[in-house]
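Report on one structure; see the data block that follows.
Per-chain numbering from 1; labels A, B, C and D assigned in written order.
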Amino acid sequence: MRTDRSNWNTLFILVRRDVLKTWRESADLLYPIMFFVLVTILFPFALSPETLVLRSFAGGLLWIAALLAMSVSLENLFKTDYSSGALEAIVLSGVSLLLVGLAKAIANWVLSGLPIIILAIPLALSLGIDTFSLSILLLSLTLGSATISLIGTSIGALSVGLRSAGMLVIVLALPFFIPILIFGAVATSNSQTGLIPEAELYFLAGLLVLTVTLTPWATASAIRTRLG
Amino acid sequence: MRNSLEVKSLSVERSNRGIIKDLSLSLTEGHLVHLKGANGSGKTTLLRALAGLIGPAQGGIFWNEKNISESLFSQSRLNYVSHSLGLADELTTFENLSFLRSISRKALNKTVEASLETMNLKSLKDCRVAILSAGQKQRASLAQLLMFSCPLWLLDEPFNSLDAESCNVIESLIDDHVSNGGIAIVASHQKFQSSTVQQVVELQ
Amino acid sequence: MFKFFYHYSSLRNFYFFSEKLMPFLITIFLGLIIYSLYGALISAPADYQQGDSFRIIYVHVPSAWMSLLVYMAMGLSAVSVLVWRVKLAEITLSAIAPIGATFTLAALVTGSIWGKPMWGTWWEWDARLTSELVLLFLYLGVIALLRAIDDRRTGARSASILCLIGIVNIPIVHYSVEWWNTLHQGPTVSKFDSPSIHIDMLIPLLTMTVAFMLYFIIISLYRIRSAILVYDKETQWVKDLITSSKREQI
Amino acid sequence: MAAFLSMGGYAAYVWSSYAITFGIMILLYVHTKRQGEKHLRWLRRHIVTRDNEK
């Protein structure tokens, strides 16, 4: 029984492996990004081309697009590992499943959360957001996308290997994303009217801390249940 | 201290159907069990229950008199190689095995290179698992047996898609393991050529 | 105390214990329903502002309370599935989820009907109604997950985990919706806050809620009992029970 | 009686909400009972066929 390996080191190895695995299969990387850009582009067609109109909705639009794009990437978090038996091998290696849950969430955030935040800059400018509220948007997106990854990983672990798991994970997870959407979108729209949205950002940070502490437990028992 | 594996009137359910009914087994060190039975008779279910992946409906499994479901889900005691081989297709053989070795809590045995050597997969070290043949994948997955030293081996169809020469390698590995005090439960359709089977368990 | 639960958590004992309980529950339930309906529709005085449309409260508020109560009950059985591995709790969780969903649906529909005379619109994004809507999706999520997994045991365990995630989220959703609601429309008293209502108005509300609780217990007992029979289909006591001719219905 | 039925002019709303709530509850009761009987019939067939196999 070897316990010299420190948890941080194992976590790093797990994350590195997941990122490397998805990086090799780079098709999966593109889906969240393209989805995010496409959804954001749809809004000007639906609403109106003038930036004046778009600006008033910009915060909400970007947040909805980001939220949907991230929930699209939840499906194949565990799918390939589950079908190839790699998830089973990881469980049987005796590593604590909390680390596996956390690592999957971090990998998902790095692979779909980060690109979305980076892409939000040009898209937000195209929708006429000024620089101050852009910074608020990016900050709220960072906090919110991390929370989405964490909750999404738990829900993804619950529905891995099921029929139409892709749709199931989105339908199950969206109700839990509503508070994040509320505070994220309100933070951005408030900042556009000159207010400093501290309260919303504090709530988002609070939600993130809550999910970081609780969701790995849910992911761990979800993995063990699904493998049973 | 002699390791012992007790299965007491175990029954396991899979999607609401009783697969294993009231099975009892008692194994000590140096025991090789050949698990036989038609498809769907519960061989894989029994191995997964012994590995602690599935909870029993009734009865219990005891490792050194400790019920495995109560004891912390510690897998340091067993090596389980299932027919879903546990290797990610996108990574190379070496990356897969060294990943499993680095995160594992089990006592280490051979290095990744040495295990691949014995499985004569040295040449395929750096190519992706996706392009390996079924036999090569099977051997790469069985290399895990060498990387860790665990008293209990649970092997699910280790011989299928293996050529005669590799079968001998695997059988000799199992013999060595059993001879120096390990327990091995092997589910397989093919008969054992060389190794001495202490017990044959037939599942309906 | 635990001995009591453990004794009755064995499915066979629970089956026969609940059988004795059923007639009492039904008679009390029918009595209460009739009394509460009389109270709600006839004896309670009409509200000075809303007139008789206020009587919808006697259907809307008990359903809303019950939708939350049933989810709490599901949370309790989820904990006993995951922590104490109680078989009865696995059956209870899958049995009561649809009941909670119906109460939530009833609360939503009556809430929007009540909104029409009060605000002139069928749907008002009121904080309470919106949280009720999210609760409906939590229920549908649990039901969808239960349906998606054919193995009963892993299904119940996965649904328990989802249910516990839901339990943690209910207060978060409630307060964030309140925040969002007051932010956009200013802090008005939520339309559904029943003002300190007259004692005659309050009694039917409480008795109706108790009647709804009894309804919930009766329906869930029916569903749990039939699930117990299917669950223990291989056992001897079920075989004797089924083959004895007098057994027509549960 | 007519005054009672008119519900102070809100008859449509009050009676429809009562009808819907109690309607859903009765539907759930009927569905539960029918499902119970379906399980019973299935169980009877299951036990009978299982005995014949033995």
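As a convention for this text, a residue touches a chain if its C-beta (ideal position, glycine included) is under 8 Å from a C-beta of that chain, and two chains touch if they have at least 3 such contacts.
Owing to the predicted nature of the structure, the values given are computational and were not obtained by experimental measurement.
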Touching subunit A and also subunit D, the following chains: C
Pair sharing more residue contacts (C-beta pairs) when C-D is set against B-C: C-D
Rounded Å distance, subunit C centre to subunit D centre (Cα mean): 15
Inter-chain centre distance, subunit B versus subunit C - centres from mean C-alpha coordinates, in Å: 47
Whole-Å gap separating subunit A and subunit C, where each centre is the average of the chain's CA atoms: 33
Separation of subunit A from subunit B, taking each centre as the mean of its C-alpha atoms, in whole Å: 37
Set of subunit C residues in contact with two or more other chains: 153
Multi-chain contact sites of subunit B, meaning residues that touch two or more partners: 55
Two or more partner chains touched - positions in subunit A: 228
Chain contact topology (line, ring, star, complete or other): other
Chains that touch, pairwise: A-B, A-C, B-C, C-D
Residues on subunit B engaged by subunit A in the complex (per definition of touch): 51, 53-55, 73-76, 78, 80, 82, 84-91, 95-96, 99-100, 102-108, 128, 144
Contact footprint of subunit C on subunit A as seen in their complex: 151, 154-155, 158-159, 162-164, 168, 171-172, 174-176, 178-179, 182-183, 186, 203, 207, 210, 214-215, 218, 221-222, 225-226, 228
Complex interface listing, subunit D residues touching subunit C: 4, 7-10, 13-14, 16-18, 20-22, 24-25, 28-29, 32-33, 35-37, 39-40, 42-44, 46-47
Residues of subunit C defined as touching subunit D within the complex: 41-42, 46, 51-53, 55-56, 59-60, 63, 98-99, 102, 105-106, 109-110, 113-114, 116-117, 215, 219, 222-223, 225-227, 229-230, 233, 238-239, 242-243, 247, 249-250
Contacting residues of subunit A [partner subunit B, same complex]: 1-3, 5, 10, 13-14, 17, 20-22, 24-25, 80-81, 83-86, 88-95, 224, 227-228
